[in-house]
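Both complexes below contain chain A, partnered by chain B and then by chain C.
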Partner chain A sequence: MKEIYFDNAATTKTDKRVLKEMLPYFKGKYGNPNSMHNKGIEARQAIEEARQKVSNILNCSKEEIIFTGSGTESDNLAIFGYARKNRDKGKHIITTKIEHHAVSHCFERLSKEGFDVTFLDVDSEGFVFAEDLKKAIRNDTIFVSIIYANNEIGTIQNIKELAKICKEKGVAFHTDACQAANYCNIDVLDLGVDMMTLNGSKIYGPKGVGILYKKKGVEIEPILYGGGQENGIRSGTENVANIVGFAKALELVYEEKEKEIRKLTELRDYFINELLKIPDTKLNGPRENRLPNNVNVSFANIEGESLLLLLNEEGIFASTGSACSSKDLAPSHVVTAIGNSPEIAHSSMRFSLGKDITKKQIDIALGFIENFVKKLRKMSPLDFSIEELIMKNKKARECGE
Partner chain B sequence: MADIKKHGKEWFYSKIVKEHFFHPKNMALSDKDIELIRPNGVGEVGSPACGDVMRMWISVENGKIKRCRWRTFGCTSAIASTSMLSVMITEKGGMKLEEAEKITAKDILDRLGGLPPNKIHCSVLGDQALKAAIKDYRKNEK
Partner chain C sequence: MKEIYFDNAATTKTDKRVLKEMLPYFKGKYGNPNSMHNKGIEARQAIEEARQKVSNILNCSKEEIIFTGSGTESDNLAIFGYARKNRDKGKHIITTKIEHHAVSHCFERLSKEGFDVTFLDVDSEGFVFAEDLKKAIRNDTIFVSIIYANNEIGTIQNIKELAKICKEKGVAFHTDACQAANYCNIDVLDLGVDMMTLNGSKIYGPKGVGILYKKKGVEIEPILYGGGQENGIRSGTENVANIVGFAKALELVYEEKEKEIRKLTELRDYFINELLKIPDTKLNGPRENRLPNNVNVSFANIEGESLLLLLNEEGIFASTGSACSSKDLAPSHVVTAIGNSPEIAHSSMRFSLGKDITKKQIDIALGFIENFVKKLRKMSPLDFSIEELIMKNKKARECGE
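Entry: the complex of A and B
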């Protein structure tokens, strides 16, 4: 059974070298790092070594790394933690319309807690305008969170520039870098960020582990209370194996970064160019400053979930921004935020590459994609050209009546 | 292309749903397909913005639906539901219009062996498209 895995933005396969580092912590080295005996010390040392490795790569000090249970948890900790701790300084917080739900839903929650939230627009390729951020910052703005590289359309923001604006205005800045870690600069000093989220699941590491980089002096409130681990910021017995795995995975992607960028950029551009040869197909997201592993296109008049499942049957795994595949039956907020009609969002497919992908696999997939798009178009009562769909009412309409 | 084998893993759709999705029955592959059945009623429901549109052509003779063709823009469930509905109304010599009008989403669901809970609405469109086609037929008859 041969499989072609185009869903590396959802999660990556754990690297064998990562797994090997983790295994001892499921076997002999099972101690609780908070215990005072040797079993505990052994586990504590593993965590502190991992912390050292991570801080070396991020160019920060060990004390600035907080291990958490996921990217979602790190985002929640940064956002709730900062906003609730600093609410006496101001009630205005800023984010964008293309955040991962792990960020956007926190902001929605905070708006119910009395915070005033601005969701910044993005342009047709998903970029945040520095000017918009400047204008949005008010006297009572305390916090900004902007996704580094978008998980759906691959847009990479100029985080350095955005962080600088916040710094000048004395506003704390967090970036969700889960998708960026493999391909972008994650030197926190150089970026000038106050907080940054990473997770293991996207870097060929284990799922269910994340980190929050929190610059010294940035004060946040915990979201979990208990034994006071991680300097009182994140209670709960540390997941030693996952933490060790996370550090190893980050080291590996850091070492292999340049090579992967070169290889995947070439494959990505080939894939995009071939897909755009299918009539009435549109690229979502930019050509430049795009994640090297992200391909996202819309095929007019077909619905993404049905294409996803036809491909699934052939062992080809992708994802879609169609409403039909989402829990809330709404089309992707990211694909619509860049000005696409809901029709285009329903027709959008994301193919996210990873380090094991070969050109041969892409060619095989292209053959199936082309056939299935043809098949589904024959089944479809719609007959719009992609230009007509692009022109359509750009606002999401109410569905379900 | 040939070196990818079917892996036959189950997903959350029933066998019957999959069968109708991968091998849809009575689907209009071309305009010729539609002409051939000499349709005397057509109905369309849904909205492309909402992600599902169904169009159904029926050919009624002596008060029974003899043949039917359809096209659907939508998910697996929507496609399988339309396909199943097209079988239900044309099997056994064709269904009487009065009975066809009484088909509910639940009837389609039962024949499909169920759908995932958040996909139930996809089968609702099917019976609505059929009702629209019957209405169109009755209007044409007058």
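Entry: the complex of A and C
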């Protein structure tokens, strides 16, 4: 059975060209980059070349790139690192209601450490209002973190505008750009961000590596202490192979970005339009300023999980939300944050495309999806139209439920 | 030029058999283990099989193994995780003066967070006295961390005895067993430890993966927050390839342990005996209860670093101490903790053997070492005998310098 992989937001396949660059560091070039002999120097050079490549793409200096073990670690390092280091400057920090858990759970933790956290609302398509951010910033606000492109519904924020607001108010600004890296502008100078997180496993690189861009002068404290690697900010022997792989992966997605955006935008729009022909189906997230690889819809009266399992039997791999919280039975906090009822959230499905996807695969999938939705609805005790579900939810929200 | 690699304590070469097990997870089996479809399930199974393998070797249950991104991270997780979670039970914590920085720098950090830290002395061979530990434990002591086998001088502690003392006093006990894993008993039940750190890059596995054994019931808080992987203790998408590689590597070193101990003990003793024939040379660390792969000597009146660089030119890769602090110009804290003067510490060299090392390679190295030591001594302005240096230091210590 041929596989159709619609879960690129969860993780991407390592590009062959990336793996090829990594392999020497599992073989002859196995030195510890902190060793002073040639075998160490060879590994050190590989890391520094990787750092140079990444910084060229991000338009920053080499010293502003910190290699970490994951996107999660980079988010944690930015948030905990900044807040804990600068807590004497103020205790108010801001984020949104649609962050990845690697961000939101850090803010929740910080609220237990005495910080006052504002979680900004988003509109029905997942956009943060610049005005809301402006209003939320207080005299004691020190830090803001806003996801660049949402992992569930694909909403791309106007990071430049949001970062500018923070800059004007002297507040540090971090963005989790894990999903954005493949398709959005990641020129940190142009964006005006103070910190930015990227993740190897979302850019056709290896799992277990991330970077944090940290602008010169922005002070953070480490999470991990030890040998003082990465300028004292991130201790632990550097994962040379993964660092080399990360840089190669970023280079490739950067080179192929325009082509991929064109190709995937067309496929995405086709996929969405065809899905919306299925009765009582609702798109989650916007039509414009949406990740070219993100499709997220809700099918009234069915459980997304049931559909996922039926598709899985056919070798079609999709998701009901963030893979990182798939074991969580609660409906997606992102799909509900844009105003959906728990029912609609439970019936949502994410199809995240990747560079290998073809129109033919989408057509095959569409055939199965249509059939399975019908089948599941026949079995469902519920029989609402999508409009009824939306109205029901609207009323419930108005009544303050 | 043939290479002779004497820096296995810094990092080991990834075993071919390990890499072979890892490769499928960079290719077809690239799923996110948290995804609910077959591609995710396949990755999840790989992780759980790896966990089972590791727990079989450690003689614990699967649920007691936490995969992390490095030995450093495991140490940090054990130390910060336990101390911060249990700070209401007491503020006194204990470690030794010969820990790896991944441990000692955590304790230093905790002392800034209000903990009272005791750094235990060691004897002239690097052993911790059980009596010292007993005396150091107070009513408010909650946690002890002692390195199993020292990375610089090879001293193997009686972990069983030290863990027992802690158990009797109701104090949690962690050991950093990164260097010990290849050659020592790592049966956690037999050892009686509460937590134990292992590192992939020291056991012929990949860099960028470690484990923390954490006994059931021992409560720690996470360092990294997010998707709640590893039972909520360590968030971040699991590095499937590295986890699989770690388990395979541990399995191989476990299977080959007895053979390696026999082989390396013989080679080590031969190497040490030959080195001690060079005049004014001193062994650092013990003869008994020493890692079979560790050779550490000081050559009076020379700088270890100069010798390292000369050997490097011949393709012989050694170390002056811990690779993780090689850029630190201060003499090794371990070599000085066993009573050596800064001069003797500066003249120390570590040769850490590995499974590929041969007697022939040692003989080649010995020839160069002898020559270079002579050469460097001719150039040195100093002309002390090793006895004079030892006496000088003894007197200085008695005068309280």
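The rule is short, and it goes like this: the second predicted complex is superposed on the first by the 385 of 401 C-alpha atoms of A that agree within 3 Å, B and C clash if a C-alpha of one lies under 4 Å from a C-alpha of the other, contacts with A are read in each partner's own complex, and residues count from 1 in each chain.
Quick note on the criterion: a contact is a pair of C-beta atoms (placed from the backbone, for glycine too) under 8 Å apart; a residue touches a chain by one contact, two chains touch by 3 or more.
As the structure is a prediction and not an experimental result, all values here were calculated from the model.
Looking at the shared chain after the overlay, A:H346 reaches chain B, while chain C stays out of its contact range. Shared-chain residue A:E3: touches chain B and chain C both. When the two structures are aligned on the shared chain, A:C178 is found in touch with neither chain B nor chain C.
Using the contact criterion defined above for the overlaid structures, shared-chain residue A:E305 touches chain B and also reaches chain C. Contacts of A:I146 after superposition: neither chain B nor chain C is touched. In the superposed model, A:P381 lies in contact with chain B only, and not with chain C. Which of chain B and chain C touches more residues of chain A is settled by the count: it is C. By the touch criterion stated above, A:F368 is placed in contact with chain B alone, chain C being left untouched.
The contact surfaces that chain B and chain C form on chain A in the two complexes overlap at residues 3, 305, 309, 312, 315, 322-325, 327. On chain A, the positions that touch chain B within their shared complex are 1-4, 301-303, 305-306, 309-310, 312-316, 322-325, 327, 329, 331, 341-343, 346, 364, 367-368, 378-382, 384, 392-393, 396-397, 399-400. Residues of chain B that touch chain A in their complex: 1, 3-7, 11, 13, 21-22, 24, 27, 29-30, 44, 47-55, 71-79, 118, 121-122. Interface residues of chain C facing chain A in the complex, by the touch rule stated above, are 3, 5, 7, 10-14, 19, 22, 26-27, 30-32, 34-40, 69-73, 75-76, 100-103, 105-106, 108-109, 201, 206-209, 223-229, 235-242, 305, 308-309, 311-312, 315, 317-320, 322-328.
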